[in-house]
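Inspection log for the structure reproduced underneath, given as structure tokens.
Here the chain labels run A, B, C and D in written order, and each chain numbers its own residues starting at 1.
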Amino acid sequence: MKWSDNAWERVKLIYNKILTMPFNTELSNGTLQKEKFIFYLAQDAYYLLEFGRTLSTISGRMQDADLVMAFAGFSTGAIFAERSLHESYFVEFGLANEVKPTPSTLLYTNYILSQAAYANVEIAVAAVLPCFWIYKAVGDHIFAQQTNDQNPYKRWIDMYAGIEFATAVEKAIDITNQLAARANGATQQKMLDVFEMATRLEWMFWDSAYELEKWKV
Amino acid sequence: MKWSDNAWERVKLIYNKILTMPFNTELSNGTLQKEKFIFYLAQDAYYLLEFGRTLSTISGRMQDADLVMAFAGFSTGAIFAERSLHESYFVEFGLANEVKPTPSTLLYTNYILSQAAYANVEIAVAAVLPCFWIYKAVGDHIFAQQTNDQNPYKRWIDMYAGIEFATAVEKAIDITNQLAARANGATQQKMLDVFEMATRLEWMFWDSAYELEKWKV
Amino acid sequence: MKWSDNAWERVKLIYNKILTMPFNTELSNGTLQKEKFIFYLAQDAYYLLEFGRTLSTISGRMQDADLVMAFAGFSTGAIFAERSLHESYFVEFGLANEVKPTPSTLLYTNYILSQAAYANVEIAVAAVLPCFWIYKAVGDHIFAQQTNDQNPYKRWIDMYAGIEFATAVEKAIDITNQLAARANGATQQKMLDVFEMATRLEWMFWDSAYELEKWKV
Amino acid sequence: MKWSDNAWERVKLIYNKILTMPFNTELSNGTLQKEKFIFYLAQDAYYLLEFGRTLSTISGRMQDADLVMAFAGFSTGAIFAERSLHESYFVEFGLANEVKPTPSTLLYTNYILSQAAYANVEIAVAAVLPCFWIYKAVGDHIFAQQTNDQNPYKRWIDMYAGIEFATAVEKAIDITNQLAARANGATQQKMLDVFEMATRLEWMFWDSAYELEKWKV
């Protein structure tokens, strides 16, 4: 049994809750308020930059050339996506370039940044996997439910189903499995722990966008 | 004008809000529910360990022997406080040794851990200062309001006013001012930004204890 | 006056010594012993992997998306070069995949890795610049001296003069100048210090290859 | 069989060579040139500061409060020793406060700093162990050979045999064994690799002092 099988088992309940979150069901059927979608995009742009920094840091902590390359490539991909957001949606919706992160966004980004800098590297890799895997699975789910071209969020949903992202996700899962296979039981458990926490933070990210989360002070 | 004068000016509004938070006013007059106090202590123990790790990491990034020593000493102090909590209150209240952090606690700890690992070191120092300074100021304020010995939280409140912590706080402020004095304007601004954010996270820490914050998933 | 002008002034003497090192003059006129060239290639492959890891780590410490992207791209470039070495020269010369670094190689790689992890990020950037700039300048110098196609190291020398590397070098210098322009005088001085030290370590790298440096124990 | 037994077996040959190095035999019988001793002290002071920074960084990467505390305490001990050197010997011998490290010193310090920042934390711990253990063993060996009070380096040699340092060394070995016991075979091997390399760098440190090592450029 692969580590990723255990990992999916571990987060299945949270994943199922993500699929039925108002943000995702309304995005899927096209009824999501534009304000919430825009709020989400801005937070996503902020997130992607920090995700890229995290992936670069993990790249630096790898010792195998293929893995240094893989994570530097993942980082480039994340920053490229962040730039695309700014150059397309930000212009389209008239958003400011500077985004102030919500508490939930800041929680998620600092969680993965800390794992990358402090934890043993296999654990850091497990912490960034949900942003690949859960995101992809949710995207595929929403994409599969589209029946016509009237959804105003079609362009965004199509991106989810891109082959490039699919390839990156598969590669990220493979790498994590390889690292887990070489780790002992205690490390594999910690990898599951952080994978679960990052999946929970994915849920919070969508929830906070739907709630247009504000800082209390 | 010292950097710390600007810093205090910057957070004065948040600081004033902290003073009047239910958690602190009820702690001060002794009416705080015991459940909330215990909840707070457990989160504080979790926080202190991560605070200690952050201070150690900053110590490692210093180049001056006095500063390496100072932050290693601060770290030892934080871990010593964490141990004291476990050895006194945890036993007294029958708390489990393993504490699960709330979202607000995890946000604060990962914020300072990330600053210590990624930011230029002056900025990291500014990010840990509120936990010294704001905490001390709030503690002194509550201590000054005590009029008799009937407050069930007296022992905790007395700790706030300890001379050892006071010395550490003064030293931390002095070091931050010295680093700020050698930094340029842009860096001083970033120092103010993270100082303000960490102060905001102090507010959220107390708020989340009073609300007995739970994870939504 | 740009920081890079000061930087070049600072290392001019070492740079001139590098140009006249036996390794480089003999590489240039084609008389370098094959054993020394092979020894050098193996160390270079080891170096490039660590250089890539260093660049990724710097990428993770940047806050501007363009700079995160730039250094992740530099890292990918370094690892790509390392792979090319293994896939071409290593096969051609029958070299083992695993390279044991010499003291000089280990000194250089750990110096830049440490700067990337501990120093303020502008200083880390200055520490990796010689591997772009000095290397490029030396390569151009040797390339310019080629008069015919008989040099057995022609293929290697031609690589030095590649347009891709030239573009990367120019970008690295520009970025460093921008960061220096925003830094204060003390930081600019430290940037010069590490730039000089890394240039010195470049000299030692070539010297150690020519001497076929061994560990004493 | 403890990991430390394997570790000692692994470095026994290098350790035996260290015992018979001219620096140590001449220090032991009091014939070491004062110039070499002074050179050594200055490099040792430089080393200790970087050793302290390394230990602080490891402290920050620990997750157990006892270990965070232990390594912050080791760091404080190293910086305290560095200060003592400056306040006693540096004054006595009229040394400048600023020490320029030799290539061998810089190689050793950056090696351990890099391990602390990049490697999985058990491996980082194994990399700093020789500076505790080998140093202590060599010190005890030299101390045991003293027969009278005429050795001009007596005060220094006595320090080697201090009970405080002995306690720290024992604790460091115990911690490393505990971490190794929880690690898998591949990690234990890597721990042996870096332990051996750091022991080799100990040899080079003494050798470079005896040779009054200079930079070639």
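As a working rule, a residue touches a chain if its C-beta (ideal position, glycine included) is under 8 Å from a C-beta of that chain, and two chains touch if they have at least 3 such contacts.
The chain lineup, named per UniProt: A, B, C, D = Thiaminase /4-amino-5-aminomethyl-2-methylpyrimidine deaminase.
Since the structure is predicted, the reported quantities are computational estimates derived from the model, not experimental observations.
> Over half shared or under half: which fits the residue numbers at the contact of copies chain C and chain D, same or different?
Over half shared, hence same.
> Between B-C and B-D, name the chain pair that shares the greater number of C-beta pairs in contact.
B-D
> Express in whole angstrom the distance between the two chain centres, defined as the mean CA positions of chain B and chain C.
44
> In whole angstrom, what separates the CA-based centres of chain C and chain D?
31
> Could you please state the distance in Å, as a whole number, between where the Cα atoms of chain B are centred and where those of chain D are centred?
Going by mean C-alpha positions, chain B sits 35 Å from chain D.
> Show the residues in chain B shared as contacts by 2 or more other chains, in ascending order.
53, 57, 60-61, 118
> Within the complex, which stretch of chain A touches chain C?
My answer: residues 49, 52-57, 59-63, 65, 68-69, 71-73, 75-76, 79-80, 82-83, 116.
> Which part of chain D faces chain C closely enough to touch in the complex?
For chain D paired with chain C, touching residues are 14, 17, 53, 57, 103-104, 106-107, 110-111, 113-114, 117-118, 200, 203-204, 207, 215-217.
> Enumerate the contact residues on chain B facing chain C in the complex.
Touching chain C from chain B are residues 60-61, 118, 120-121, 182-184, 186-187.
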